[in-house]
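Two complexes come next, and they have one chain in common, subunit A, joined by subunit B in the first and subunit C in the second.
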Partner chain A sequence: MSETAASLASPTPAAPAGLPWRRWASQAGAVMRLDLRKGFRRPVGLLLLAAAPIAIALIRVVFSAHAVHERADVAEGTNFYAWMYQILILRLELFLAGVAVFGNLIRREVLDRTLHYYFLSPIRRELLVAAKYLTGVLVTFTLFGISTVISFVLAYLPHDWTAVSPFLFHGPGLRQLGSYLLVTFLACVGYGAVFLALGFFFKSPAVPALGMFGWESIHFLLPPLLKQASVIHYLQSLCPVPIPEGPLAVLSDAPSPWVSVVGLLVLAVILVAVSGWRIRRMEISYDES
Partner chain B sequence: MAVYDRNFGIYQGERTPTWSRFLIIPRYAYQEVFQSRLFVAFLGFCFLVPFAGLLVIYLHHNLAALSFINLPLDRLQEALPINAKFFRWGLEFQGFLCYVLALLVGPALISPDLRNNGLPLYLSRPFSRAEYVLGKTAVLAILMSAITWIPGLLLFFFQSYLDGASWMGNNLSIAFAIFFGSWIWIAVLSLLSLAVSAWVKWKPVARISLLILYYVPWGFAKVMNATQDTWWGFLVALWPTMTTVWTRLFGLPLEPGDYNGNPMPLAAAWLALVACCLISLALLSRRIRAYEVVR
Partner chain C sequence: MSATVTEKQRVIFENVSKFYGEVLGVNRVSLSIPPGITGLVGPNGSGKTTLMNLMVGLLRPSRGRISVLGMDSQRPEEFFRHVGYSTQYDAFPPGLNGSQFIRSYLRVHGFGAAEAEAMTWKALERVGLTEAAGRKVAGYSKGMRQRVKLAQAICHQPSVLVLDEPLNGLDPMARAEVISLFRELADGGLHVIVSSHILHEVDLISDQVVLIHGGYVVAEGDIANVRDEMEEEHPAQVSIRCDRPALLASRVFAQDSVMEARIDDDGKGVLVRTRDADRFHLLLNQVVLENGLTIEAVAPADADVNAVYQYLIGSNGEKS
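The block that comes next holds the complex of A and B.
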């Protein structure tokens, strides 16, 4: 820890005028490096989560004689992936990874009784929160981004290359992959900011997460106005292939891609700012948790 | 008194009977659990559905009350008949609340003892590892019983009282299903949450692990079954497995819509539940020891 404290306190030359962006960047980099070494050294649970869609796609490849009905039909692979992405990756894995990673970013330091080391270092607390948030986004997006790409490739592997190649390189294939990666990134950003902020208001993030999970799960039943108060509403509208929501779904206009992207980014900035505001007033109490 | 005169003597007081020693753990655990206002509010909420069930049964047998709210009896009997489906639906709802209860209470049961090296304090007394696990399980099992089979059977007996002994005789299988169905779910959830609590050091992380263990295999199973046209995925998902067992215990047919057209065989469901309990017990057995070798 002393090495960390020294690296955080290292006298980086400040910018001559205005805000000391260079020093802040250097300090944020130090916090991120430390967090990556300390908190995400062996992310076994996250790796298992990220591996689940790959496992399903792999099983489909292995049992393709039974699971794939028409090898020349690329649409079958597209539908399979859209279903798997929206049901498993987006609604479950990215959400729960958000709870597990971001809900514990600060809480873990309290439980490990190491938060005061950060607070004793000459670093702004808001910067500490922002750096930890960026670490979380980096870890989750790297893991689930890789999982998204691999499972996307595996989804088309059982199909004829003569049909897949034009779809990928001359059709909408790569654009769809780009959209899925964008949704993955925005989910990490959006859910991350929500659970980071909730972590400051609740001792255990699992309980509010369960409530929010229920809210996001009944999203398709909500009237149009209430739909707008959920993260999934904006993420779903960015998915390139829609999936049916069932006969009970209440129809509403999907927000435009720009509204979704900018809206989620603005939400993330606001929630990280709220977290920064909370940590400025935070007093450490290492009571029995 | 000189120091060398002080000796430890054998405890001469009254001893707790061996069979009931495990109940000491729930007694102290409840003192802590009921300090949380959130938990007390949640527990109150858990009795809303049984109370609503009570009202529905009462309305079925009280024409004056029905006429007061201007509801014809035949319409009520058509919309909400008191049969196996009525009790199964109630058990399913309460079963989900049991999971939330396990999420709130379970993670705090074993991890603090392990984290603070408290196990030797229990196991150095005339208290075995089995009694320790039984005591910790009892904390959850008693609370879960209070919201599942106890109100379920009370509703059953209330309906029997109002409808007569013939109804009771014809529907004894419902009482059996309520009792055994509840206990199976209680055992699965209690052992699973204790195993998570024993292996995950921190409470919040343990809670999130329980969330993940419950929902991710379910999503995995849904996608797996839909895309591979099979039921094998349900083997790893707790809730569909449990609802399969409940449905059969109540003597109801499995609805294909709930299982993507591929209902799980009953034997496979039982096997999955037993495997979950055995794995949880094995994990607990590895972790609950009076000493720990730290390398």
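The block that comes next holds the complex of A and C.
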């Protein structure tokens, strides 16, 4: 402690040079780096979730003699993957990842009593929320995007290459993979925004998550108008291979791909904006939390 | 909002109240805090932290208005370029070492990598923590955690520094160094606002004090002035150490302004209670000269913040 006072008691430094957009990008980048470093150091739960479809597809490869009936029939692999993707990855894993990651983006900081460090920084709180949300999207899409690709490839591994090759490179294979990746991305974006916003209205994300899980699970039973109030309705419509919903399903027209994509993106923007409005009014009182 | 010149130089609370539901945090607080070191004093639970959290916008007032150098904390992007706050929360982002902790949040401020790096080491040097900068904060001692929080609060060179119980957990050497740092910063024109429930600690470092109790500000200003205003109700006490205390006691007690003159237990001094300290000091000079007394020390016995607090509140302000 040997320097003179003047070195610290100098006039407050001006804002870093550059247009606000540039500064905001720099600040958002700093928040994302910091969140990745401290928030996702050991994402064991997420890794296990993402690894589950890979494990199932691998088991099918190992036991292909029993699990695969016709090696030359690529459609069998396509059906297997469609079921696994829609039931396991989309309806369960991406939903749970949304709860775990986005529902805790702010809550974890409150429980760790570290949110005030952000609140005491000269950053717009709306920008803080947006940066944290983008971190969540980056993490979940990276993990589940990789999981989607690997499990997709493994779904066709037990089949003859002579049948798989034309399907992948001259048929609909890669396009289907692209569609699955798009759905994975939009699920991260959509569920992420929903659980980010719910995190501001509920102390624990578990209660709204359970309610929403029930709603999303029975969406096929809902009348057409109510179906439109579920995220899965739009995501499912983008899946390249439909799966039957059972005899009790209420039939309705699937929304067009453009409506689904734009609708989910708009929903995400609105919910992130609502979260920004909430955090602007948020107080820090860890003891009450 | 157009702030007046005074507002731009002061931290101002205008009739501020904060309620947590029906529980009182602080009530009808009006303050105008000038540059220098301001001690915020009160027992645990008196409202010091609430007042500080209101100051920096971590809490919103239920009523009233707060202005820090003419700025409103609801615009954090501007406000926190000028304000640093070391909270009482003993918590840190997991997995970071000392320098990463400071540097990461400087990047959030918007500083570039090189600039943030230089500012980080400067702040760590100020608090004497460069050697431990590479260690995980989670492994720091209480004193080191206090210092790294202090470094984080000063690293961006704020004009207003708000510190909640900053001396807690520091060893005597570190306390002396940190107090010296506060003094340097205040001498450089900063507002340094320090809370403590240890009264003598605040007495040592503050230019002015704000005494708070039960959510109310009970006194504010220079501690000597606050004490003077209480002279009618609580006569001043002066301790005189001299060679002939009995003689001194008999001479001064004969005067109207002296209410009591009591010889110390060790027989080497006198404790005088007087309603007019100025007049008493003139009288003392006269008695000393007339009787050739040898004076070792003359000191006010109850002009410190501890005594003032005791008179105002009826307790010594320590944690009960």
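Note that in this section the second predicted complex is superposed on the first by the 268 of 289 C-alpha atoms of A that agree within 3 Å, B and C clash if a C-alpha of one lies under 4 Å from a C-alpha of the other, contacts with A are read in each partner's own complex, and residues count from 1 in each chain.
Basically, a contact is a pair of C-beta atoms (placed from the backbone, for glycine too) under 8 Å apart; a residue touches a chain by one contact, two chains touch by 3 or more.
Quantities reported herein were computed from a predicted structural model and do not represent experimental measurements.
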Which superposed partner A:34 touches (first subunit B, second subunit C, both, neither): second
Touching partner for A:104 - first (subunit B), second (subunit C), both, neither: first
Touching partner for A:168 - first (subunit B), second (subunit C), both, neither: neither
Contacts of A:84 with subunit B and subunit C, given as first, second, both or neither: first
Partner chain(s) touched by A:137 [first = subunit B, second = subunit C, both, neither]: neither
First, second, both or neither for A:222, with subunit B first and subunit C second: neither
First, second, both or neither for A:268, with subunit B first and subunit C second: neither
Which superposed partner A:212 touches (first subunit B, second subunit C, both, neither): neither
Common interface positions of subunit A, toward subunit B and toward subunit C: 288
Residue ranges of subunit A in contact with subunit C within the complex: 1-13, 15-16, 23, 26-27, 29-31, 33-34, 37-38, 41, 112-114, 116-125, 280-281, 283-286, 288
Subunit A-facing residues of subunit C, complex: 20, 53, 56-60, 74, 76-85, 87, 89, 91-96, 100, 104-105, 107-112, 115, 122, 125-128, 152, 154, 156-159, 177, 180-181, 184-185, 187-190
Footprint of subunit B on subunit A - complex, ascending: 45, 49, 52-53, 55-56, 59-60, 63, 66-67, 80, 83-84, 87-88, 91-93, 96, 99-100, 103-104, 107-108, 111, 203-207, 209-210, 213, 288-289
Sites on subunit B touched by subunit A in the complex: 38, 100, 103-104, 112, 202-205, 207-212, 215-216, 218-220, 222-224, 226-229
